[in-house]
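Take a look at these structures.
The two complexes that follow have chain A in common; it is paired with chain B in the first and with chain C in the second.
Here is the complex of A and B:
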């Protein structure tokens, strides 16, 4: 049995027995290798679930859709390791109860699909731990090196050109499982903290605000980067911040569901004399 | 014998137009995306693109533009109105869907209030469209009863020659003719045959979909909830869409002075029609997606007798979760059987 068939069978069993109310997975898309998120609530529909190396979108963000988990019923979701880390963060930040989430874990290495064993998030500790060791990320290594070698001026010019393309469609935010705020700071207008206009200043403000809000929280799933319609290499920013956070706080995001949020927790014996 | 323009001569034309004070714009690459932008030389154009990632609308309706500068004094408020930069422009190498998209929006911007920002730019621009000889999986002009060589909204239509060396010239409007008179010496007579235009298969049944949308009971159909579950509520589709035209007016500044700007807005956003009271008539993503579809294929045609979609396919092409007009109307076509 292929992994896809195994997972279809498991989905059928869970839905028939009422163990979960919904399975969030991937279905066929408009073109050959496009996959779309699908939401299965009837055991008769599990045949629509697809699992292959084109299943890339991190689906964890759907779990915090308004009202989905409020009835305390369980929901199953297909997740790669980055998605599993996202569950840990969402749980650690009190956005969901990890026990309500049934994980269909999988990973793709060198185009090869493999199933990850486990049901609840804590059972994937080994897989997640190895991410800490290898820190693979989705970032384009070549571009990353190129940018690291630049002078500050060159780097500024690079990002200026990239951010000039931003149209403030907020696809990056909407696609990101960590951007769950019901009202984002850029949507706040009493007072207005950030310019809503998509001019150079507004675009810089937006992208920098997001970089800071994702520091120590981004799981490098690449959803933002793939969603951006103007191809801004957003994951580079988040990757850079992840590296900084690792160096400064020895913190890798999403290692466990009880891990303290690194930039949102306060210690009395902190060596800094102020907080930002 | 018909008039043709050879690619080899295009740089002469660009130079001639520029010498006459005309800004020449066309499909180019900019930092890893394709857009319509001003060029210095013809060599910057990429006519091999199916169509640029970003639509032509931003040349007429930019993502943000100043309308007014204001300064608040002790007893008065000084205001200075801002108008868009003025000057003639030639948009060389538009696509039929982009050009027709602008014509679709003309009645909207000229309806109860004449939008001077839009019409100044419209009146100063000549759109030279190149008929498509290739399409991709997302192109859907034919589903909207248009063709890769439709002339709607264009001032000149160019048909690529079979030998790939240039284009057959069809001047459609006085403005188009005037622009091409300026480069008459670079045109020539030829009997070369035009290439076959792209074959774009119909993706859905427009008439059946529209009939379904017009039935009042379908406003509350379960369908809207089902299809919208995966919608993440970004504005990628609306902002890339040539015909989406919603904007928001924002004041930016401090207590004493600032700028009033006209910014793109999108019905996908939760804030789109949020009232000051906190009440939102479209409080769910499904209500918002329904608005997008209803507006394009029911309300807009009800008012202006034309669908607010030109079939460019950008909404589907760039959607992070694989839904757009095509996916939605395909489902609706099935429902209406």
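Here is the complex of A and C:
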């Protein structure tokens, strides 16, 4: 039996037994190798679930939809290791109760699909723990190397050019599982800290705010990157911030559901190199 | 419509010399919403404040900007003046054109431009300021005094004698601190113990003082008027209620060769001990590290000797939680370890000692019963060399500051030596004689004129042993030639330094400290006994090197501050506190963790049937100190700080 068939069978069993009220998984997309999120609540529909190496979207963000979990019933969700880390962060930030989440874990290595054993988030500690030691990091090594070699001025020019493309559609925000605020700072207009119009000041403000709000929280799932209609390498900023947070505070986001948010917690031996 | 008054202060020449105040006043007068814009030499003076009040009344001002010095200096002054004129004090703001402008710039035209920017920015903020009302919080009328030296005892007695409760915490087994170690005190040469021990007894027996010795502060939470303090009472292994202080255990203890900390390693003590004979309370402790039973599992001689069954080897540390309204920190000092001066041979030659060791030697209750002896052979020294500033005023090996007391105690040492060894000769190497204080210069002159102390102005370069003598080589800079003295004993006037754990402890109680570890006062001149944390006061040498009269005076000053705080049942607090917008709060509770004062709680919003609709953060205004940490952390901008709201800050920034 393929992993897809195994997971379909498991979904059917959970739904018909009432153990979960919904399974969030992947379905066929509009073109051949595209996959889109589907929400199954009837055991008869599990045949629509698809699992292959094209399933790359991080689905964890759907769990914090208003009211979904407030009836305290369980929801199952297909997740890669990044998505599992996202569950830890959402639980640590009180956005969901991790016990309500049933995980269908999977990973893709060298185009080969692999099932991850476990049901609840803490059972995946080994899988996500290995990320800390062996961080796959940012995939586009060439771009990373190019950026690291730049001087501060060159880097500024690079980002200025990239952000010039931004049309302030906020698709990155909508796609990000960590952007769960009911009112985003950019939607606050009394006062209007972030300029709404899509010129260089507002674009810079938005992208810098976004980078800071994701520091120590981003799991580098790439949802933002894929959502961006103008192809700004958003993940590159997040990766850089993750490297900085690891160096400064020895923190990797999403390691456990009780992990303290790095920017809100304080340890006496925290490095203070950033204080002038 | 906004009617803002702008008051531009020359601060004498401080602002006036670098900022064209007339031009600034004219420019501000043109700014939309400004009804009055005037300048004056000193607005903080009585006529200056009167003119502000008059302008408020005559023009019905809706806000005031005083362009002057830092708000730390006179914000309170002008807010009070505004309140007296009927304007809510939080509608008054200070534009700092002194520290942040005139003092740091040389070009008058550019400084004037900048002063305009700063003032305009404040005018824009004041237009959006809200009326705020002070928050009333109850005051727990009980003080905590940390440290049982002379400063702590004085503060505790002053507060207790005024009828308020005090908890006095000392980490050593006995009260007394450094003063109990001293022989005689300058400038009167009265016996330190004779004036100290009665105060110790008075503190211990005072009905309003609860004494916790051999205890340390574990944690401090809360805020002025409402602190919660956890104290660790270290296990003495002796039941304080059963022990009568007979001392039989001390006599019988077989571990007798432990270096006595109280005698600065010149004497020995047992493993069960009181630091000194007049200890208060007169109840010993068992030093676990040196006790034979704790090391080998066999002995318990003390336990067999004790007739009251007071010894309990199974005793563990216990904790006491205290509710107090004010804290006096009187944690004292330490002396620097002189072994950093390899050339003086401290730690290598037994007859090179420090000033505190000399005190123990000269003390009638000390290890030599008051006889001046060489530690090496017990012989009476015929020549003694005193080296001042052995650590102080020495940026290379010691400390940069002057330890303040060494000139005086060295003069005293020379006197005591002359009184005890009549034909002895003392030489004192000094940099300057600093004898400012009542009767101090007369005292040091007496050492020179009556007790024949030979003062040599210059530094010592080397001390070495030769034929049973200590050879001291230095320079006499007044005669311009090198000097060599064959001495029997060398006494180093060691620097006073902060307690080794002073910085850690400052973090525990939440006060500031300087580069040396001495605690920072709120204002060096105007608020010298208050720490930067409201409700925490500083007494004695924990703030800076001090002699006894200064420590006692400062201790009494802290007591008066505490008593002023306790004079009312409630305390008015600044209404500058955070508030949370529950509608937009995402409930991530990062602010709960980020808040250094534990002022933010988790709150459930329920519907009519009691079901949780939403979980949000909620700020307790009684605990909030208005630091703004939560505001900067909040990703959804739900938290806002009264008096510094987002709208106000935004207007301030856009006004630049």
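The rule is short, and it goes like this: the second predicted complex is superposed on the first by the 262 of 276 C-alpha atoms of A that agree within 3 Å, B and C clash if a C-alpha of one lies under 4 Å from a C-alpha of the other, contacts with A are read in each partner's own complex, and residues count from 1 in each chain.
Simple rule for what comes next: a contact is a pair of C-beta atoms (placed from the backbone, for glycine too) under 8 Å apart; a residue touches a chain by one contact, two chains touch by 3 or more.
The shown structure was predicted, so the numbers you read here are calculated from the model rather than taken from an experiment.
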Superposed partners chain B and chain C on chain A - clash or fit: fit
Which of chain B and chain C A:29 touches, first, second, both or neither: first
Partner chain(s) touched by A:119 [first = chain B, second = chain C, both, neither]: neither
Touched partner set for A:193, first chain B, second chain C, both or neither: second
Once both complexes are placed on the shared chain, angle at chain A toward chain B and chain C, C-alpha, multiple of 10 degrees: 120
First (chain B), second (chain C), both or neither touched by A:57: first
Chain B versus chain C, judged by how many residues of chain A each one touches: B
Touching partner for A:181 - first (chain B), second (chain C), both, neither: second
First (chain B), second (chain C), both or neither touched by A:260: second
First (chain B), second (chain C), both or neither touched by A:213: second
Chain B versus chain C as contact partner of A:127, first or second or both or neither: neither
Three-chain overlay, closest Cα atoms of chain B and chain C, distance in Å: 5
Chain C-contacting residues of chain A that also contact chain B: none
Chain B residues touching chain A - in the complex, by the definition given at the top: 30-33, 53-54, 63-64, 137-138, 229-230, 232-236, 238-240, 248, 250, 252, 261, 263-264, 266, 269-271, 316, 318, 320-323, 326-327
Partner chain A, residues of chain C touching it in the complex: 507, 583-584, 586-591, 593-594, 596, 612-613, 615, 633, 635-638, 646-647, 650-651
Residues on chain A engaged by chain B in the complex (per definition of touch): 29-31, 34-39, 57, 61-62, 161-162, 164-165, 167-171, 173-175, 187, 195-199, 202, 223, 226-227, 229-231
In the complex, chain A residues that touch chain C: 70, 93-95, 180-185, 188, 190-191, 193, 213, 260-261, 263-266, 268
